[in-house]
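Next come two complexes built around chain A: one with chain B, the other with chain C.
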Partner chain A sequence: MSRPTRTDDASAGLTAANSGMNRRRFLAGTAALAAGGMLMGRPLPAAAQEAPAKGAAARAASSYKLDLGGYAGPELTSQPITLKFMRQEFPPHVNAVLEEAYKEFSAAYPNITIQEEKVPYGDLQKKMQIYVGSGAAPDVMMGRTDFIEAYHAGNIALPLQDYFLDEFLHDILDNQFKAASAKGNFYGAPWETYFTMMYFNRDIFKKAGVPTPPEVTDVNAGWTAEEFIAALDELTQKLRAQGDSTTWALSAATHGNGGPGANYTQVESLWVRSQGDPNADKGSSAYKTFLGVSEDGLQATGYLDTPEAVKGMANYQQLFTKKLAPPTAVPNQFVSGVGAIHFTGLNQASRLFQQKPAFEWGASPFPRGRIAFNCNSSDCPIVWSKTPYPAEAAALVAYLCNDANRIRFYKTWGSMPVRKSLIAAIPEFGNQQLFQLSAAAAASGQGAPRSVGWFDYFNAINPVVRDIALGGDPESQLKQAATRIDGLLRKYR
Partner chain B sequence: MPTAIRTSRKRNGRMARLAEVLPGPAMILPAVVALGIFQFLPLVVAVVNSFRSFNPFNQSPTGWVGLANYDEIFSDPGFQLAFVNTIAYIVIMLAATIPLALFLAVLLDQRLPGSTFARGAIVAALAASEAVSALIWNQLYDPRGGMFNAILAAVGLPEQPFLIGDTQSLLSIAAMSVWKDVGLPMLIFLAGLQAIPRELYEAAALDGAGPWRTFRNVTLPLLRPSLVVALFMMTITATRIFTPILILTQGGPNGATSNLAYYSYRLNFEFMAPGAASASVVCMLLVIVVITIAQTWLARGPKGV
Partner chain C sequence: MSTVASAAASARPRRRRSAATRLFSARTLGTVVVILAGIVFAFPIALAAVYSLKATQDILSDQYPLSLASFIPLRPTLENYQTVFGPLNFQNNILNTLIAATGQVVMAVVCSTLAGYAFARLRFPGRDVIFSLLLLASFVSVEAILVPLYSITQWLGLTSTYVALFLPFACNPFGIYLMRQSFREIPVELEEAARLDGANVWRILFSIAIPNVLPALATLVLIQFIWAWNAYLWPVVIMQDPGKQIAQVALANMKSFPNFPMDGPLFAGATVITIPLVIMAIFLQKYYVRGLSSSGMK
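What follows is the complex of A and B.
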């Protein structure tokens, strides 16, 4: 997909930087050019058409009372208003970072009150659905890039490209930008991302006398799925032979409700889609396996139940049939030192740093199949399409995504940034293997299968994955799941 | 008598009648309104919605589809399984809870040592949050390190996949629900037992009736109204089991623990299908209505009471 709003101004940016032009003037200039090109180049939905031209807005940029980051919309209202923001609950120290940011925003714009609603992470999409149905949704809601197609098709989110500088949009990792866009519109500012990596407890491997996974920075240089299973099998057998019956080779997933089927997007789909190939012939099952759903996003049969997908799920099933991983949710196994390997994102690893576990640990890429695959599901604040304050809501999103706020957030929460300049600005991403690997995974990540009904797909496939883990036949289960998903997606036709 | 006086007396009479008739309805009006809004209106809305189609994004109705939603769920194997499981939950819950509650109530009514503690413990389970209880039982059922498997291992029995086995999982959910909910019918029975005049037991003892005969011929017949209430309450409770399913098994494995409540929830909140979810809810209501009518008929007294 081509980027809807970003002009190819990278070289222009370089020239500008060299000529000593100040940032605001440069941004205003590129924004004006971009706005012109954008308005000529593609149709905009009604809400976007009502938005002011970005060039005019950018001219007003210097009048913003605060660093609104990539915001390029009009100056904010002087009328007293309340912006409602629904987001996930974070631990108190992370909430404090956001609350501090609101204070700064309200100090600059005392007429704008920010009212938060924090909900458990797993309930965000359901809550959004209920709010949208009620016709009184919060102005800003924390969405996810997986659901961008639905936000577009359901007219849930406001297209944001006209409210953001092209420099900001260009700065977002390409695969993240693509995931946050649909049908030529940019709907949500990716907030942070989670690329699944393999963390291992060095002490357990040492105790069993099994070589640790390769500690590399290249996502293609890790174990293959087969090597991974063989290593875990050997590890388990040696541990049991030593009388250790409590340590698991692979700790239970901690996404969602935990255990198998916890989060297809970020965990189990990696086993399946890594058996596909984006460079294969478009009619081939390898290509379809990689896609996960038909090009129109409305058919899973032939995509989810291919021989390659069955192979991926059969590999996954071995983790449980060979008793390499517990078949149910078990919290904190890895942190407690009774799990040799754990699949998680960078933020959990950062928490490991903070907790200083009583063991040595390292990181390796997620096992690869035919390709090295990682899914780039990201949280992204979206602006409700019917908000009475589109500019202010977009400005709030942009403000929270400005450099200072994002770096403060990443450093506190430990997650993976989604903008190239921020990755470059954090030294660890240049000199520490874990961070370099995470950056490599982020750069090569792929989006969730593009379907307007991804929410249905996701909810239908998770229990099937669990049933396969518990011994169900991968082929028949995937075929049934594909048929079921086809039925669920029919309503979007 | 002058017309004016007659009219005045008539008016006074009407006012008096109104003053006599109005307070009753006025006093129950708030309850009727509340019931209407919070109980019956949602029911009517569910029935109406079961014949409509909806926009999957904002859930606004888009038209009338007749029985299409019912067709859709009846042809779904997931619904068929959820329906059978709902009946299974009701049967298991009633078969386990009612005798157990009656036994506990009779025991507690004896005022044996420790009765107060036992009563408190049973009521505490009833009062505990369903989600917290489910989380505790999740640990008890843990395949490795859970208390139940530790007990089995201690007596040399094999480990059981309580929550992940096709056959055990529904029973495991039901067992947790029995533990959680036995307090309610027990309290109903206890109240019923304490309302039975002691003279009847004295008379039975004078007639030489033993404990079992006294229970069968005195206690049980006089507990019939309590039994009907307890059956009714437990049928509804068993039909509505939801939280343990959501927390312990998410309806799995292979839909083995899903029931109509959980199935309806998934349709509405995970699959954006409020029409089909409403049809499923209507089916669930019909199950409750049919079973409670049957129970009332079966548990009726000799005079049909």
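What follows is the complex of A and C.
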């Protein structure tokens, strides 16, 4: 995909509809709700806002009263307004960082009040769809890059490329920029980037006399899926032979509701899509496995049920059939010291550094299949397409994403920054194995399968993964799932 | 004859003993089953209360393998309660929940009583059709009408108000049905006698009908309070002001930080918000059973 710039045709993305409730939006919202999915409907005609003029934006850039980061839109209004920002709840010390930032913003722009709404993480997308369906959404909402196609198709998010400097957009990791863009528009502002790492408990490996995973900085230098399973099998057998019946080689997933099928996007799809190959012939099943869904995003058959995908799921299944991982949700195994390996993101490291657990730990890349694969599905604030204050909302997002605020957020929360200059500016990303590996994983990540119906896909595949973990035949289960997903995606045609 | 009489005389106490033994055994068995069921239901609540006295780090480190330390706080602390009632300001969430629950109980009791009496005793065109439609409405889940419900509430300008938390549930089909059934259990003659004495509908309702359905009212109060106290989805949607958010949503927030367990404060919060329900259940349980019985629902 070519990188959109501020000089791109703004009309391509600025397709906001009139405000107020109408039948179409009501039906769209209700249908989406009933389907458990985001977004119905196509972009509606008629622009409610106008894109900032390029020249005016450039002129205004020097006159902002605050470091608005990559913002390049018009000067902010002097009228009293309230900007609403809906995001997930964070622990108090992370909230404090954001609240401090709002204070700074309000000091520079006292006429702009920022009103936050904090929502449990699992309810963010549901709440967004209700807001959008009812025609009254917050100006800024915490979205996810895996739903960007949906935000575009449902005319939920405002294209942001015209509000940001080109240099700022170019500074974003290429794969994240791609994940946050749809049909030539950039929708999801940079916030953080996710990738899955393999954390391991060094003490457990030592106790069992099994070599630890390679502590490398190259995502291609870790264990293969087969090596991983073999090592965990050996570890389990040796632990059991020593009379240790409580320690698991792989701790239960802690994403979502936990256990198998917890989060296909960030966990289980890695087993499947790593068996694909983005460089293979476009008609090959390896290429289709990598994509996960057809180019138009509306067909899973032939993409989710390929021989490669079946192999990936069969590997995953071995984790449970060989009793390497608990077949159900179990909280806190790794941090409690009874899980030898745990898959999760970088902010786990931040927590471990603070917590100083009673064991030594290390990190290694996620096991690779045909390729080393990681899904970069991440949180990203979006601006509501029908906000009455597009420039101010975009400016707020840009401000929260400026260097100082992102570094503060990284130091407090520990998730991976998404801009190359920030990664380069933080010393540990250049000189410590864990962080060097993180930088490599972040740079090589791939987006979730591109589909307007990713929410349907995601909800349909998670229980299938659970069934496979509990002994279902991977081939037939994936075929059934693909057929079912095709049916779910039909409504977007 | 004397032998037969003597045998019969000795058999009677034996039979009595046997019956008594059977009764004792049945009661003992029943008691054991009830105690076991009680333990099963109380265990998670008790465990949450115990865990609330452990630091999060201790909860994590004592969790596996299961040992005495998994269940008993060896280093008891009140730090979770200090966090919950300090930086997290959970008392504010509890107050909000109390306001919402009280509002819902009052609204539901008033509406259900009036509507229930009307459906039970008053004659007006389309009464049964309206009542049937009302019952049908109870089969539509809140999730299915969330978007229009939100739109209407917003149109009324009630978003992020306390009223919005309970107004949509003022008309409660279950409550109306419960009260209607209870009013129908009152002998008609009582009301006819009052009418002959010159009492109007309101007088009959307040002086005759309501005093006879107090157990059903207690049931309604209890059920409505539990529903309102445990509400989650609607408050998540309609309440945008963090200062007015209810306790259940605040608890869910504590659980939503990836890789940042806040188990200690979470258990403390869960313990605190369980207490009112337990107290209410203990004091109102006899009314609850009697109310269901008198309404013909049991």
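We adopt the following convention: the second predicted complex is superposed on the first by the 449 of 493 C-alpha atoms of A that agree within 3 Å, B and C clash if a C-alpha of one lies under 4 Å from a C-alpha of the other, contacts with A are read in each partner's own complex, and residues count from 1 in each chain.
Everything that follows uses one rule, which is that contacts are C-beta pairs under 8 Å (C-beta built on N, C-alpha and C of every residue); 3 or more make two chains touch, one makes a residue touch a chain.
In this text the structure is predicted, and so the values were computed from the model without any measurement.
With both complexes placed on chain A, chain A has more residues touched by C than by the other of chain B and chain C.
Of the two partner chains placed by the overlay, only chain C lies in contact with A:Asn347; chain B stays clear of it. When the shared chain is aligned, chain C comes close enough to touch A:His255, but chain B does not.
In the superposed model, A:Ala460 makes contact with chain B only, not with chain C. Of the two partner chains placed by the overlay, only chain C lies in contact with A:Gln88; chain B stays clear of it. In the superposed model, A:Gly122 makes contact with chain C only, not with chain B. In the overlay built on the shared chain, the residue A:Leu470 is in contact with chain B alone; chain C does not reach it. Contact with chain B, but none with chain C, is seen for A:Pro327 once the two complexes are overlaid on the shared chain. Looking at the shared chain after the overlay, A:Gly133 reaches both chain B and chain C.
Overlap of the chain B and chain C interfaces on chain A comprises residues 133, 135, 246.
Contact residues of chain B toward chain A in the complex are 55-60, 78, 138, 142-145, 161, 163-164, 247, 250-255, 266, 269-273. Within the complex, the chain A residues that touch chain C are 21, 26, 29-30, 33-34, 84, 86, 88-92, 115-123, 127, 130-131, 133-136, 138, 246, 254-255, 331-333, 335-338, 344-345, 347-348, 350-351, 355, 358.
Contact residues on chain C toward chain A in their complex (touch as defined above): 57, 59-61, 63-65, 87-88, 143-144, 146-148, 150-151, 154-155, 159, 236-237, 240-242, 249, 252-263. Those residues of chain A that touch chain B in the shared complex are 126, 129, 132-133, 135, 150, 153-156, 246, 257, 261, 326-330, 453, 455-456, 459-460, 462-463, 466-467, 470, 472, 484, 488, 491-492.
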